[in-house]
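Both of the next two complexes hold chain A, though its partner changes from chain B to chain C.
And then the complex of A and B:
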């Protein structure tokens, strides 16, 4: 393995901070957009449905890209410690995604495009109140995001294949099937974070490829409406792309957990055969669980519905048994220091499990009959994105800041951030879950009762959450300043 | 090495012939089947690229972003070349149709070969995905279920 020079390390950190800070900045802006949506649903703001659906589109696209970019930055940095990576490619991927985000912003803010971030065919073209150019700007923007994402995934794939000796090495095949010989040979298996990189790369390329098929088909239809698309085909591709991308954000961010938890607990998170097999399973289930989005499509081949339900359940096993339980075992009696970084990561594991449990309920066909397209759905994905992925990213950021500054945040700051992010977050999320369980539909500017009342409570929770995030931001800036003074 | 070279020539020649002949013999088939034909031509390009790469046996140490960029842009160009409403126009112009087929196979070659030059294994993965793009298109790109 080639050792990194100090200059290489600085460059790798620059790439990471570029991605992470951009991702968190977009996340912060989109959080305010989300608050504006909940206030409209509560009846405390009144800007009308057209603006609401445009904001909903912006919020969805912006959040998914923000969280993906932040996770990509962390994983890219971790893999650059394993093998030299060309930062030029990382910056190209970043630039393409930023151009895509600008396209989406122009489309939504300038043209009020409002077909939701999933741009499900034929919604972008039928019954529109926005100009045609806004549809084109959105689709082209999303295409740029997909190209940037594909470029990043291809670089990650090249990294793991060259570093660990092809697919067999990257999958730790020898460790699983010839453990004794492998140990006797003195070889080392890939570290846990490399499995996250492999899964992100392979499933990411698949996601980017099929997303691009759909994206180009939609762009062609936009330019030449005589080219028709099959709606069920388009829906399958849409949800394969959307579900898998959203899912991969957490698997990318979990790489940081594999590295940060051992640092906090002073214990090793080593690669075992069970961990390798768990990631093989994840590789398959990330790509097959999306069928649960199409339960209501009666013309879908019935076997796919069962694949969707089975994959959704099976996907939980590697997560719960290997990553979460494994992390808890590291923490158990380790006398871990509860800094903001470790709190974020630990709470992120809880958020992942809670959000995942909500997802499993919704992926169960008899429950889905009641919960399908209700606010339960945003309830579960807000839980695992906001209280899972975002906390993993914040945990990683604070771990870096705490190490650099050789200090941790005062108790009062930890309490304030905790009350804000976890307390406010819980109130905010409960609004979704209770409304969803009561049948309030998602993606509606005007909701039936008890939607408005619960939206009001959720808005209060969102405000408390934003206060907590703001305190965390200020604390992060303080730690960065202390670190800078310490190292200069 | 010699066998790989021979294989690359055979695969390349077969792909070019398969690209040209149907265009001149006339194509009268549904869009979905035509998309699948294209995936077959791309498969020929990918196989040729994989064999050609194994002849040159690059170790990937001179990997540059340019190889990766062409590996990612070639499949996008393929999707644009498979613009369904162009098929009727191309069917009436055999030379143009043949040129389109050769371009599709050539772009399949570029995607796989460039990917392999960037890093061994990446080209094979991108090649397989490029074939899949054309095959998946048969499910609904320019097609509406009855």
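And then the complex of A and C:
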């Protein structure tokens, strides 16, 4: 492998910061959109269901794209340290996704498109209160996002296959099945973050391709309504693409955990056969767990329902036994340096696990009858996205800032950020879980009791959370300024 | 206690345990550090047990849940009384009343977009649901054991009046 020059490293960092800062900026805007939704549900704002459902659509699509872009930037940078990557391709992928985001923004803000980010066929075309062009702008915008995503995945796949010797090398096949010969050969397996890149690339290409098939079908129907689609087929593709993309944002961000944890604990996180097999399993379960979104569609082929529950359960094992457990082994009795960066990453593991519990319970079919499409669902995914993936990204950002500035945040700042993000976050999330347990439906502009009261408490939690995030933003800017002064 | 709150209790206990373990491990960094090799030696032994316990729990949970799946019931009850439910933006065509303590089947479909057919008992507890899809009929098997007025709410986002899409029927 050829060594990176300082110029290469600067370029790679530029790509990373472009992706990460864009992702976090969209995340910040979408957080305020989410707060506006909770305030409407609490009855503290009153702007009507047409605006509410348009904002809901924007929040859902915007958040998933924001988190994906931020995670993509971090993983791209890590892989660029492994093998030379063409930053031109990365910028093309970025530009395509930004064009897509603009399309979604125009559709929602200009046309009040409100068919939700899931745009379940035939909802974008039936009983609409938005103009037809807004549907087209949304679908074309999502298509651009998918093309950008697919291009990024293709670059990642090419990177891991060329760097590690095809699929056999990238999967660490020899390490798993011929361990002694492999060790005797002196070869090294791919580092842990390369497995995240491989899974993101392979499942991402599958996701992007099937997402595009659905997108094209919907665009064709938009152009010619006489072309009809099968609603069950469309629903399967919608959730395959949506669930898998949301899942992959976690696994992409986990790559940063594999790199950051050893730096904070001053220990090594090496690739073992168990880690490789765990990622093989993840490769399969990311693509098969989506069936749990269709449990309440009894016409679905029955075996898929069984696969959905089994895959959802089994997906927990690699997480709990390898990544989280491995991180705990790094932290246990180590010289852990507690800073905002390490706190974010460690707390992100907690959010991932707790949100995962919520997901497992919802993925249990007998429980899903009582939880499906209640507020339990946003409860669990907000837990592992907001208190998981976002914290992984923030942890990575703060680790870079702390290293560059050679300083860490004062204790008072750490406490304030912690109270805001974890205290406010817990209050915000409990509103979802308690409402969901009580059967309050999700995606209601006006909720039945006890929804409004719990939405009010959740809104207070969200405001505290946003204060914590704002303090973190200010602290991040301060560390960046210190770092700039130090390096110039 | 409703199933929803039972699940919430399980979730809070499991989540609380996870947080406690994570905090406990974080607090060990206050003690004198150990070499990584000694942590790994004990850690890998413990991980094997953790894998076995978790793997077994997953298999047991999966097997236990299967008899509670709603899918076989709807198919087995072909001889039972069927009630047609048609969802449409933003209302339901429903039977006025259904019998108490009698297994029945709702044949649920939609005339336009995807809807959800969520049944809430007279105390407001969500007791069953199924999706209402255009071009398909979902068969939901239910046996009501409590008389009274049951509320139906749409549980799949279906448009601007989604939150107001409800109906009711009597169980007697």
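Keep this in mind: the second predicted complex is superposed on the first by the 488 of 488 C-alpha atoms of A that agree within 3 Å, B and C clash if a C-alpha of one lies under 4 Å from a C-alpha of the other, contacts with A are read in each partner's own complex, and residues count from 1 in each chain.
Heads up, the rule we're going with is that a residue touches a chain if its C-beta (ideal position, glycine included) is under 8 Å from a C-beta of that chain, and two chains touch if they have at least 3 such contacts.
Note that the structure is predicted; figures quoted are calculated from it, not measured.
The superposed arrangement places chain B and chain C next to each other on chain A without a clash. Touch criterion met: A:92 reaches chain B, while chain C stays clear of it. A simple residue count on chain A separates chain B from chain C, and the partner touching more is C. In the superposition on chain A, A:453 makes contact with neither chain B nor chain C.
By the touch criterion stated above, A:230 is placed in contact with chain B and with chain C alike. Touch criterion met: A:367 reaches chain C, while chain B stays clear of it. Of the two partner chains placed by the overlay, neither chain B nor chain C lies in contact with A:403. Of the two partner chains placed around the shared chain by superposition, chain C is the only one that A:123 touches, whereas chain B remains out of contact.
Of the two partner chains, chain C is the only one that A:354 touches; chain B does not reach it. The minimum CA-CA separation between chain B and chain C in the overlaid arrangement is 7 Å, rounded to the whole angstrom. On chain A, the surface patch touched by chain B in one complex and by chain C in the other comprises residues 230-232. Chain contact summary for the complex, chain C toward chain A: residues 2-5, 7-8, 10-11, 14-15, 18-19, 21-22, 25-26, 28-29, 31-34, 36, 39-40, 43, 47, 50-51, 54-55, 58, 61-62, 65-66, 68-71, 74, 89, 112-114, 116, 118, 120, 124-131, 133-140, 153-164.
Contact residues on chain A toward chain B in their complex (touch as defined above): 86, 88-89, 92, 147, 150-151, 154-155, 157-158, 161-162, 166-167, 202, 205-206, 209-210, 212-213, 216-217, 220, 224, 226-234, 236-237. The touching residues of chain A, when paired with chain C in their complex, are 49-50, 53, 114, 116, 118, 120, 122-123, 126-129, 230-232, 235, 267-268, 274, 296-299, 302, 305-306, 309-310, 313-314, 316-317, 320-321, 325, 328-336, 338, 346, 349-350, 353-354, 357-358, 361, 364-367, 369-374, 376, 433-434, 436-439, 441-448.
Here chain B touches chain A in the complex through residues 60, 63-65, 68-69, 71-72, 75-76, 79-80, 83-85, 115, 118-122, 125-126, 129-130, 132-133, 136-137, 139-145, going by the rule given at the top.
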